[in-house]
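Quick heads-up: structures coming right below.
The same chain A turns up in both complexes below, where it pairs with chain B and then with chain C.
Showing the complex of A and B:
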């Protein structure tokens, strides 16, 4: 941070650090790479302070406080790591770990789905020391093809409920009951389809345990190889949401929203999140086609097809004038496609017989 | 958009007109929802009770095609109630006095008689927008797909000018572009009136510049628009190449369109599927799709971003630019020896003043919004700051006119068309993605419950829609989103080819079809 732009300082693990008014201790600590553990935190959402993992010690305070909900005050002396804090955190992790059926989830489940498993390892907390009853009732009856609702792996962090309300403004899901009986549900405990859910998938992407998971991506879990990610932009509307395309074995297996996408900041809609598999649809055109004397389209090679295309334009220009050739560019293809189309018409025929599909 | 997407959370009054944003631009709509949560007031003008209208503080359910009268009356109230930004008018606009005199003739009561919206509601909306510290306008095709599309847009510009709601953070006139790179297609010069970067083809200096770049002198005259070109097929136009557009399903008056394409001597289509349009072609060339193609796109806020290849394309599919450049080479044309998307994009940047500061490597992280006139420039998130490109903002004196076709005893119902959340355009992509059918498996006609009974229809039963151009059979869905006397259907499903019906008129300037207004007859069907 630019030293000229901060408002005051606090002491963080013995070091004086600059703070902007209103910043939470967690935010300051993140900037200084303290890697305080969290489960209920999503930087896009209002902090909740529910999981208690982000506790820190403040000099003069009797008990540790949740750093995500505590605003850094001038002169505060904060300790983010101590034997006492680490013991608290380990016990908390043992408790959530004991309650869940599956401790390891396939990373195809969602963007944040490995958060709990990572912390269980970090705190060596796979002890099942508090094993007994489990909270949360899964909804295998919800047969929607996008969002798995495996609430037996839910830890009641409410990130799904909050992202649906705060990020999406849809309020499709909420929590029912309290304490161990807490259950994430929809109005009237029905299917997501019958709720205000728009299937944007944001709940999947914020879930830290894979309790909510991407059904379409998980259908590819047996595709061999490492999952690779490629940053690109969604192919649908003009908002231009950034996505990371997940691929395995040269196949698109799922989509992750780009949390740092400049236009979407992690948000997506049902099309951008789930309508990706058209690229591998068997009906994709894989070879050039030309119309034969029988009136039908037949597969051919590029040489033949390009010659046929070129000859047709040359003949039209020769017989009917250069204005007789017209090009229409796509609003779906990249710049290079549109640029080349207008270059072909202008550079090839010297006309402005060119448009794109924006008028319909 | 004059302002960036980030600005959507900053206005204190948001005016959305002719935009079904929660379905067509869902992620942008989340910004509006957050603005509301922060206390912004939302005004929505839309004939239908769309989801955005349900969130609105004021919903103005205007009759389809009556936007100009609504906007004239809003300007009237702003002038009458002393809400004009006098300083802005003085410093940055011309024809302001004439405009204020013009709108004095159009009180809300007059607009009520045309729009069907309560004059009091119109007044309240105008007062809110007029008094806003930051008022922002968002619109989509509900504004442009009319015979008076240009008039509608200019009426919105008038409102922004008269209140000084342009050129500042959280304000502006913001069209939401519908396709991932429709902005880019225009930026790149795929237009009959402009070279790349919106440089006029009528300017001899531009002609000389591109003659040198392309080695060919281009006519100093406008080309026909696509709509005009389709009318000329088989006559003046004999050969056509269409890239990635399912023209026969998306365009108005399907029969006319199919006939036009069939009458060509030579028709080439580049696409990723054998669409209804590709089936009519003489040559179909397989393109690489999204996730298979390196390239560049520009979004609705003019942000220039990279598209990246993640997987190998099927079979022999090739990038669009490769296909077109190779056709050019086969014709013996010089200067088409491109070997990468990067080469193509960098040539564009060299010829387009709005991209002059960009190149393939600089847009790696997508932080630039054009214009970016030189390499040291940081981009232009907000247009018209301080000055308009042409100097001053000019008020246009607009008059209301009826749609091309109005309801009559023979065609007594207003049909309006649009899109749905889970379908994209003609479903060439969403229709081939697993699971989407679970959310939307068929098209239905939205009919108000009171009309269902009056017209002898049944919810879930079938009906026939008839316009002067044809008939379409569709299932009835009784709900209150459409008001009595107006019905809605999307154009996404090929088995409900609604564009058989549309095409009654076109905007005289842009030639955009009046897809939002089409009088029809609705009759029960078996």
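Showing the complex of A and C:
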């Protein structure tokens, strides 16, 4: 780290560290791997200061402050870990744990869905202290096929509301009522499909408890095997969103947006996020079909099918010229197939009439 | 009268400053509720996402969303009224619902009926009554904000002028803003809404901050249970508040002001609007308020029932039409206030003190106090006390003298068991700790604070666990829901004070203590930090009552 690029120093757990003007204490601490706990923080969003887990002590201040909303000032002396801070963090985790129906959810629920459970373990906070009524009313009536709205597991961190507004610009959801009665809602408590929601799924992926969860992925929760992740680029359009495709024994079980994807930084759209089940759909063709003299399609072998296609293409080019051929690759095909397709059209026929249904 | 069309209502407000709240009130008043159609029209017109607008409307207690909802009577079930038969009124009054303390603890039980407040202790005796004037100061101790308030006609511009009103401002306008700032500094005046920040320093920070236009906001959201001093000041001395705001505007270079008034003071709104009209008509407000080309104007904006909007950054979000969560601080309103521009937020009592300081001088004001303190404080006294009401005392005045000598002590042959401080936010004082003097250092030494100066008295017949329960229920209901410790903590403490929590007394006390400690030290704003003072002081003074309650469940 080049100290010359920084504006001033603060003291972080006894060590002098360089800071850029405007950086929050949380950001500085993250750079120094302090691993400060938080539940309402998402680096892509404006910090809110709701969960108070990221509290730190500042010399001269009576109470701890939330590091996510406090800008590091020159000369500040900051302590990120102390008996007092750890005590408060444990009590806060016990409090949060007391308001939810489930402390653990299926890992296919969403990218961040294990955050609360991880912190409950870290702070040894599965104590059942502070038991009482639970917050949040789930919406089983919202039968949309993508987003589970299980608010009995909601901790009111507002990451969903903020990602919807700040990242997606949809403003489809907000918070209603106040205090313990707070509830994440759409306009007039309606269904997501009747709201401004575009089903991009970003609320699911930032939710730290699985209260908002991926219905499509959860449908595969009983598929056996270890979940493997494969980094690729979404084929549905030209933006180039990075995704991690989750598979179990070669079956696609879900899609995660890549938080470090250079084009999307964790964002996806409804297609990239949810439209993967065609891959192993029972109605998907598994063998080639050719049309017989009876006008119906009949299953055949690859050689027969390819011969038939080659003959047809060659005839068209011969009878009507090279510009009579036009290829459209499918957004549901692999990138490699799309590449082969354009080589086939350009090289094989000498025409540039090649396109892709995903061109956006 | 024919209802104006949606378009007419929208046109009347869309270009006014801070239009959302008055627009919502306009529709609420016309239709008796806020319909989906109304909210969609406002959303489209003001460019507020409909989900956000819907969520924000649900935040406020008093916006009805079903037809006829606005006209249903709302009955105070605050800590004092609960002891005066409030629940019986709720049960017997047709269609009545409950509401948190509307600032009439000196006239229990108040019922909000449309735009009128009725008071009485049975449904049959409910009548509309004016705010009581403050009782005369018995020891002839000199007052500041109450010095002229009992003069008949003081609320009108002519009467205000007859008692010296606007003279101090006129003199200040002949000098420089710098002179005025120095005078306020020298007076030692500090915020009377509870936080006690030096007023001169606040004004100076705004004067020196970059960005225009600057704004003066009068915090008249007096939502703290047990506090009703600002209501009296505005009802009988509205021009003092306006003069104070004008002085603040001149000192800081601000050109606009808002009085953010709580929903529960409908009569006060009329009084303020009338006073502003009078001041405008005489050119005290308007395009030449401070001389040619030097404007200052101000508007009343009515809240809609949310205690947290008395927190200054929630108030600013509410004024701006946003969800009224408190903002993170720093930055503070003096640099990033209304519309992110430099803003003074002062309490009514603070602003009403200014004209007196301007006319009688900073030394006079400073010397009103006893000892090293500066100035006076209005105390709203209510509950089990012979003469409830607003008393202006010198800072440093003994609490017992106020309770016993001025206000006549407990009712009947009872003794005072406990009093609250800062309305409810300071928790209880009891036993030997009642021997404090009324100033922050003395009361803070007892783990409490004076705050806005509301003191509720409970005699020795009262069940203090039940009083604490009612207090915590209020905080739970008013917690905004932004930060975890307050949102969850106020609710868990309420449950524990109403029969919930561990069956073992030791475990019960541990839970209540741990919740309180973490709320106090990690909550994002004063609500969550102060609420556990209730349980802390309950355990400190009344461990036997707590033990009896927990063990006899």
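Rule of thumb we're sticking to: the second predicted complex is superposed on the first by the 281 of 360 C-alpha atoms of A that agree within 3 Å, B and C clash if a C-alpha of one lies under 4 Å from a C-alpha of the other, contacts with A are read in each partner's own complex, and residues count from 1 in each chain.
Everything below uses one rule, namely that a residue touches a chain if its C-beta (ideal position, glycine included) is under 8 Å from a C-beta of that chain, and two chains touch if they have at least 3 such contacts.
Quantities reported herein were computed from a predicted structural model and do not represent experimental measurements.
In the superposition on chain A, contact is made by A:336 with chain B only, not with chain C.
Of the two partner chains placed by superposition, only chain C is touched by A:177; chain B is not. When the two structures are aligned on the shared chain, A:242 is found in touch with chain B, with no touch to chain C. More residues of chain A lie in contact with B than with the other chain of the pair chain B and chain C. Looking at the shared chain after the overlay, A:270 reaches chain B, while chain C stays out of its contact range. Of the two partner chains placed around the shared chain by superposition, chain C is the only one that A:156 touches, whereas chain B remains out of contact. Applying the stated contact rule after C-alpha superposition, one finds that A:320 touches chain B and leaves chain C untouched. In the superposed pair of complexes, A:66 makes contact with chain C only, with no contact to chain B.
Across the complex, chain C is touched by residues 39, 47-53, 55, 63-64, 66, 69, 71, 84, 87-88, 91-92, 95-96, 98-99, 129-130, 132-133, 135, 155-156, 165, 171-182, 185-188, 195-196 of chain A.
Across the complex, chain A meets chain B through its residues 144-146, 166-169, 193, 198-200, 215-216, 228, 230-242, 245, 247, 250-252, 262-264, 267-272, 274-281, 283-291, 297, 301-302, 305-317, 319-320, 323-344, 346-348, 350-360.
Across the complex, chain C meets chain A through its residues 36, 39, 49-52, 54-56, 58-59, 306, 308, 323, 328, 330, 476-492, 495, 500-501, 511, 514-515, 517-518, 520-524, 529.
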